[in-house]
Every structure is written in C-alpha cells, then in structure tokens.
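Each of the next two complexes has subunit A plus one other chain: subunit B in the first, subunit C in the second.
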Partner chain A sequence: MLRVTQTKNSLLDGASIEEELYTTPQDGKNFFENLDKPAKEPTKLEPRNTFIRAGVLTTVRGSAYMEYGNTKVLAIVAPPKELIRASARRMNMGVLNCYVNFAAFATGDLESVPERERHLGSMLTKAMEPVVCRTEFLNFQLDIRVLILDDDGCLLSTAINCCGVALVECGISTYDLITASTACIYRDHVFLNPSAKVEELLLKHRGNANISNPSSVQEHGLITTASMDTFEQIAQCQQCGYLTPDTYVKLLDYTLAINKSLRQLVRGVLTKRVKEQHELDLRDKAESALEDQRLGEIIDKLKTQGLDEFIQTNIKEDPYVKRQ
Partner chain B sequence: MAYVALSEAEKTYILHGVEDDFRCDGRSRRDYRPMELETGLVSNASGSARLRLANTDILVGVKTEIDVPNPLTPEFGKLEFFVDCSANATPEFEGRGGSDLAQELVLSLQNAYESPLAFDYRTLCLIPGQQCWKLYIDILILECGGNLHDAVSLAAKAALFNTKLPRVTATLLDAGITDLIISDNPYDCTRIGIETVPLLVTVCKIGDYSLVDPSAEEEVCSTVSVVVSVSMRNGAPYLSGTHLTGGGAMHRDTMRNCLQLGLSIGEHLDKLLIKMLKQEQERVGPKRPQIVGFLK
Partner chain C sequence: MSGQEEETIVCLPGERLCRTEDNIVLGIGTYEQNGYIYASKSGIVSIEESGENCQVVSVHKPGFHLTIPATGDVVTARVLVTTPKFVKCAIFCVRNVLLESSYRGLLRKEDVRETEKDRVDIYKSFKPGDVILARVINQLDQSFLLSTAENELGVVIAYASDSRKTRVPMVPVGWSEMQCPQTTIKEPRKVAKVLPESSINAVK
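And then the complex of A and B:
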C-alpha cells in the first residue's frame, strides 16, 4: 500500500521530522507501474470468483454471506418493525434503513472508517429502496445491517449483492433480483471490479499526477451500478471522479453486462437454497409424522387399558421420596 | 425531501401538465424558476452568497482556516461542507429531523467536488506539505421549495467566487519551521478560480417525461431523479459525480436521455451564473449594488 505515516513532533510545533514527508506524483506513478494491469479495454466482462450463501446465521431470519474475490461481506435483514419516528409515518411507504459497519480488522486505514461507513450506508439505502416492495409494510421500518469483514475493493456493489440475497432469504417481497458491479478508469486503463489498491490510488491520491498538464484532461472515475434485469431497470448508478459523458456510458454498459452474469449466479444460489429448505421441511414433516404416530399409539393404549391402569403402569418411582 | 400532502387529483393534474409540456407555473420541462442571487452579504465570512430559487432560500458562508495538508496530497488544500436544515424551512426539520437530508446534500457536494479537475485544490496551497487553506462551506437552508441540490450547488459556487483569501507571506525560521504572516489589508487578497467548479442539476422523472427544477409538489409526484454534476472545462461538459435518488429505477436509455438533458442544462446554467457574477463584480463606485439581504 502506498501510505505515509507522519510522526508529529510537538517540540517542532507539529512539523514532521520524517525523511519521507509525503508521497510525490512519482510515488503514485511507480505504484501504478507495479500493479497488475489488464488490457486497456477489457476483453472479458465477468465478475470475480464469487461465493454466496444464504441463511448463514440462525439467530436472524434473513442473512447472507458473500465473498467477491477477497472482499468478504455479511448482510443481516431483520423482519420489519413498527416505526418509532412519527415524522416518517406520513409517507405512504415503509422506511428502509441500511447500516454498514467495518470489522476492526477489515481495513488498514482506520481514520476514514466512520466517514466511509456513513457514505456506504447512505448509498446502499438508495440502491435497495427501488427493489423492496415498500408499499407492503406501511408504517414499518426495515433495517438492513452489513458487516464488512475484508475490504479488497468493490465494497458497495458486493454489499448490494449480498443484501439482495439476504432480503429474499428473509422473505421480504421484492420486485426483482438486484445485482451490482463496479468499474473504474484510471490513466486510460479500464479496471473492472477494481481492487482496493486501485480504488485507493483513484480516490485518495485523486490522480494528482494527472493535472500537471492543464491543457489535456485525463479522465479518472469510478462507477457502481445496481440493476434489476427483468425489465432492464437501473436501481442505482453512482459515479465519482471526472468523466466525459461517452466514457460514462461505456463504463455503465460494462457494469450492466457483469450484472447480467452475476444475476445467473444469484439465481442459482437462491434456487439451491429453496431446494435445500424444501428437503429440510420434508424431513421435519417426516419427524413430526413419526411423533404423531407415537402419540396415537399411546392414546390407543389408554383407550384399551382404562385410565387407572394406564397411570399405574406409567408411574416412575421417585428415588428421593421414601415410599410410605 | 420535505413532505407536501397532495391528493391523487392534484397529482394527476401535475402529471398531465408535464405530459403537455406546460407545467403548473407555466414553465416548459426545460425551464428554471426565477432566481435571485446576492453575494457578499455576510460580513463575518470570507465569502457568502444568498440564493432564492422561487421558494427555496439558501444562505452560504465560506470560512477560512489554516491547516496541515494530507500527506498523500501535499499540494492540495481542503474543503469541508456543512449543511444545516433550519427548522424554519419546514416543521419536519425540528430536532434531528433534517439530518438525513443534510447528510445527503453534503455527500453529493463532496462527491462532486472530489476530483482535482473539478475544483483546483492547488489554489488553496500555501507551503506544499506543510500549510494549506481549509475552507469551511457552511450552507443554511432557510426555506424548502424543492430542488435543493441545484440551489445549494449554485449558491456554493457563487460563495466560492465571492471568497477572498488574505495574502500570506512566509518567513523561514530556525529548524525549518516557517512562520506565516497574514496581510492586514482587507483588499490585499487572492481569489479562487471557479471556472471548473461543478453544478448539480437534478433531472426529475414524472410519468414518461424528464424535467428540470422540480418544485416541491412536483418532487412528490416523481418516481426517480438523477442528480448530475456538471463541470465545464475548456468549453466541454464533464461529469464529476452522478447518482440516482428518490427510490425508483429507470431504464438505461432513459438514463442516457436524462444525462443529456442534465448536461445541456448544466452548461447553460454555468454560463449564465458566471456572467451574472462577473456583472455584479464589475459594478463598482456609485453603481455598486446595495446589499439587500432579506429585506425586499
């Protein structure tokens, strides 16, 4: 990682005494040179290696765990509860709240965590609002909590995917399946599903080597798109950086293509989960049928033996009470 | 957004107006409501602006402070946005009611101003790696009449234009420490370039049509809006941050059309704003405009 830790010297009035005062544009350039770079224009539009599992926690009704490459995210959806705030009650729709938390070990850069949590939470709420049938739980609020276990880029899109699965697992009605992905452009290279290193270079260093030449504009920017593909709807499309409209549409199309293939995966995971649940239900049913049968036998016995005899045969001696 | 109670009949009326390209207040879908803009009316701030867009009333003050730059970006100054939703605007903002909306506005502004191409952070640099200006942009929402994103960004840009940074000279002391001397003369100041500073344009979708500058009533009728941040550089529009808001979804082609509309409106708006600001600045001497403030 490209990071500078400054040791402040209070005697020197806060001035730094480190040799390496700060990163220079050259540092950023070297760091970029050392990265694994894909071809300038992507050839394959596909997601990273993905693992999704619904229903990982037994304590809440809807939960999902997702690994997107090295990014690991856990989402929890609790059943809707009544609204506390009276002012939000006047809207004729349910209220959706998303909270994002970083695990203490998720990221090396602890300083910016509260701000990122707030930003991600707000963007996640905006992305999930279109997909949930909010008219169905009037005067109720739905809380979605996301825990980030490991951060290797694409946090927002992974969180959206994971929440989409958790919502279905919880049995909340949704209009469609939602999938999301990220693409970014930096120094004319298009990165699909950018890693944490690329995102850091893009957002924290803010491409500071780019502006040395004011006449030419070097675009840089990141797009996160969430889509619902049955009717090709875009639920959220968040962009930051500096892009021409043409590049914007190009990146948008890349992310939409990745969303399509992710959708197949999510769908597969959910159908498998439903089958699994069906089998569990069948087993439960068989067990309860067995129990019914046992009880039926006892009742039959009771009928044939008569009450007194039945009680006598079923009395077990209490070892602590001496028989009179 | 602020809540307005509308019946189904009223909503239908607004919807039909939008379909016929003749809105309730007589505008077409591409028109803005009348604006009043005044700069330099807060004497305690380095720069200030007040914008009234029909019923929406915004007051922006810019304060300056000297800070240490981030080691990752030694040549850059800092910006910090703060939005306060006054309870005067709507009763809903009482207590902590306005904090969600305030946070949304702060995040959109931060996102739009983040790129060094959108705002030249180098003009805020004093000594690279050691001292820089930090600007606090405090935004006060006095009245809520719809279209807050646009109004806030316009007022912020005007306030930045009005901001006067005092000239600073540095002397080198022992052990490599620098001492800053800030000029006493209030007219000895530097300005901030605002050519590329982005404007936010909200493109609102009502029924099958998209329109700009929705009033509070029209916002209630809309399903989804795109907030497009337009930054002009070398005469060409660039996107410096967009997102969808309003709890709906849209098709890719609709989105493209909305972007196009937002970009062309933003370009026009930017040109007009800069023209008006320059005009106000050039009126000196006896022609100097009187500060009107909130008295009409």
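And then the complex of A and C:
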C-alpha cells in the first residue's frame, strides 16, 4: 500500500487513520468501491451505538464519558474561575473556554494534532456558548476540557454531546440539552455519522477536486449540526465541501432527526443519574439525622450531669491540653 | 401538592415546568421564556408556598451544587492583606458550602462597622490571617465587595500576633477586643457575635 504524508485540512474535523489508504484518484475510487456503502438515501435516521455516562471521575465534579461507535471522548468541567482583568473581555457575560486534547494514542497523524486541537476547541466553544446561562456567572470563566481517547469520525459532534452531559452533571445552568450529529455526502451516497475512513476519503476528494472544470465537480461535503430542541434552535452548524442548497437542507434534516433520537438517550441517562444522586442524598440525610440524634442524646445526658462536670471531663480528655 | 408527590418530579434543563403567573416566583434552577418557566438544571422540582398565595418554583439538584457567592450571602473568608483603606480577603465558604477554589473579596473601610464609620481603623479591626464572617453586598469587576456592618459579622477566629506558633485562638472579650488565653494579651478586633445554631433556626 502506498504511503504519503498529507497536511490535514483543519476545517474538516475528520479523523485520520494511520496508514494512507490511497494516493491517486484511482486508488480512492477503488477504495470507495470496496467500502460498504449505505443506500443512496438513508432509511434509518439513528445514531451509532452510544454509551454515555455522567460523573465518571470522582476527583472532578462535572465529568462525562461518551462512546459513539468507536469514537471515545471524555469531558470535564472545572469550577468557574475568576477572570483576571487583563484577559477579561469587557462584557456582561461569563466567558466560556473549551480545550480539546488528543490522547497520544488517539491518532496516528501527530503532526497536525496541535492545529486540530485548536480548531476543535474554538468550534466547541462556539457550540457551547448558546447553551450555558452565561449571565449567571458574571466575571467568571468556565473551562471545559475534552480528552479524545479514540478517533473514528464525528469528533466534533461527539465532543459537543459529551460536554452537554458534563455541564448538566456539574450543575451549571443551561438553557437546554444540546445534541449534535454529523452527516456527509460523497459520490451521491449519504453517510450518516461518517467513520474516520469516509471523512478521510472526503478530505482527499477536496484535495483532488478539478477546479478548471467546475461542472464535473461532484457534490461532496460534511455537515455537523448541534441543536437544542426545546425552542428548536440550532446552536451551531458547521459545513464544508461543495453542496447544493437542496442537498444542504436534506443533510440538515437528517442530522436534526438524529439529534432528536440522541436527545432521548441523553435524557434517559441524565434522569437516571438524578434519581441515583437523589437516593444517595436521602441516604446521607438519614445518616446525618442519626448522628444528630446521637449527639442530641449525649448533650441531654450532659445537661443532667451538670455543666461544670461536663467541662471538667472534656478538658481532661482533650489531648492538647494534657500536653501543657 | 403532597410532599411525596414532589419528590418524584425529575426534570432536566429545557423542560417546561409551568406558565408564568403573577403569583408564581422563579426560584433557583429556573428561567423564564415566552411566558413559561423552564428548568435550567437537572434535579427535583419543588413548589413551595411562600405567603399570600405566592408559590416559588425551584429545581434542586441532588449531589454536587456549584456555588458562587451571590449578593446577600454570608461568606467565610480569610484576611490576606490589610491596608488603611481596605482589606483583601479570600472567600472560601459560602453559607454552609465549602468552595473548591477561593474567590477574592474586598472589604472597604466604610463597611467594617455600622456606626461611627469615619472612625474605623482597619488595623484595629483585622489582621492578616483572621477568619471573618461577612456579607456580600456587591460584585465588582474583580472581586466581591463584602461588609461586616452587623453585630453577627466580623472576626470569628484570630490568633495573637506574637503567639503564632502555639496556634491557640484568642477568646473574644467584648465587641472590640480579643484576648489570648495563654499570654493574656489583648488585641483590638471587630468581633463577631457568633450565635449558636439553635437560636438562628428559632429566628427563622
């Protein structure tokens, strides 16, 4: 198999795979033929197999882990920090910062990692800003950190989903739940939740597009949509490639439909989490009530014993005073 | 609504709770949009009666709460720097919640005491290292503006300047003085009249 180094198009949040699969357009075509393709028009609009869990880390208050197919992402929300004047933008809202990091083993293409991290971070920030009630923490900055453990396409959308769960888990006020998904079109085939291979193929196609003859350019492109369904708002819509308006609308509808079903999943996870925590809280309360009762009994006993005696016995028992 | 029913209503951010009406007040964890009240946190919905047919709708998140000092909250802070005009302190506790990271607080000379504001001497009220109770009165650009102009607010724990090593806290003797039980040295402070928990609950 041929190998070349290729600079990553940062706009495409596409995954990269370790070995270059093809170098010439012919190779690409062959590879595409071998790929198992979905039907030209997708019949089932559903997310990949998904696993979400809130509160995976005990050291951080707001954390979430998400597996979207083979893409694995971990998000943590740090408690709000005070803004330092120099870095503060003068506005009456809190500042949101998202940082994305790739685990060393997540991707084979190490050269482009810093640039992709930066781009994913800024796109994630844009997507999360409409969701958070930023008026509630004026003069504070909120840091969201995302660690990508495994990369098999749909990185941005998975990161958005994961951050949304982490925010809610952390108890930060949000206007809505946010869900995101990705769809792309290549050689008239619509791929929902494209895998790393498809995204790579798309990227190559962009590189090889024949500019001198525009009529021959096929529709190819990738679209990532983040939506908040309560008010039917779109938090972010990221698109690249060449799409006709009709195709654009079609892909947008597909992603929105996937977002809806993802939302059900997220709701289920979070509801379960709330119930779980509520039970823990009740148990804690019962325990502290027992403790209070015990202390109350001791105090009652001491009252009948007399205050002077109580003080005397306590002072004698105190190891610190004994040392004197 | 009976207590048992309230327990079971779980809501998530963006869920519509009820219509906004004159006698319904927004509690914590909610926001208003287009005439409806929506939840902004995940948790358990509680509806409380608060006199004169008013109902407070709020969402209580079980488990961890994110706490940020708000105007009117009583906070516990440690004095870091004293200057003739103000005291800088680090807020580490809001109400009864311990914070994960401390926030900056600023206590101006005018807000130390309720009476005789012009005769306040910062150096006779606080020393670096003291633990104080204060009320948040405003949020400035960089820090929270604090006030101790109440009998119950002021220095709670303080150590005499010369006996740092023994770490025996001083005992209040009057509203403006504290005494070290070991060396019997008296030092001026703005002493808080700390009330026992039982009496505070009774007032409420």
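Methods note: the second predicted complex is superposed on the first by the 265 of 324 C-alpha atoms of A that agree within 3 Å, B and C clash if a C-alpha of one lies under 4 Å from a C-alpha of the other, contacts with A are read in each partner's own complex, and residues count from 1 in each chain.
Heads up, the rule we're going with is that a contact is a pair of C-beta atoms (placed from the backbone, for glycine too) under 8 Å apart; a residue touches a chain by one contact, two chains touch by 3 or more.
Here the structure is a predicted model, which means the values were calculated and not measured.
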| item | value |
| --- | --- |
| Partner chain(s) touched by A:172 [first = subunit B, second = subunit C, both, neither] | second |
| First, second, both or neither for A:228, with subunit B first and subunit C second | both |
| Touched partner set for A:281, first subunit B, second subunit C, both or neither | second |
| Touching partner for A:267 - first (subunit B), second (subunit C), both, neither | second |
| Which of subunit B and subunit C A:69 touches, first, second, both or neither | neither |
| Broader residue contact with subunit A after superposition on the shared chain, subunit B or subunit C | B |
| Partner chain in contact with A:42 - subunit B first, subunit C second, else both or neither | neither |
| Contacts of A:256 with subunit B and subunit C, given as first, second, both or neither | first |
| Interface residues of subunit A shared between complexes with subunit B and subunit C | 228, 231 |
| For the subunit A and subunit B complex, residues of the former touching the latter | 2-4, 6, 12-15, 21-24, 87, 90-91, 93, 118-119, 122-123, 126, 129-131, 134, 203-208, 210-211, 215, 217, 219-221, 228, 231-245, 248-249, 252-253, 256 |
| Touching residues (chain side subunit C, partner subunit A) in the complex | 7, 10, 12-16, 29, 31, 33, 38, 40-44, 61-66, 68, 99-101, 103-104, 139, 141-143 |
| Partner subunit A, residues of subunit B touching it in the complex | 3, 5, 68-69, 71-76, 92, 97, 103-104, 107, 111, 114-118, 120, 122, 129-130, 175-177, 224, 231, 233-234, 236-245, 247-252, 255-256, 259-260, 263 |
| Partner subunit C, residues of subunit A touching it in the complex | 55, 61-62, 79-85, 88, 133, 136-140, 168-177, 228-231, 267, 270-271, 273-275, 277-278, 280-281 |
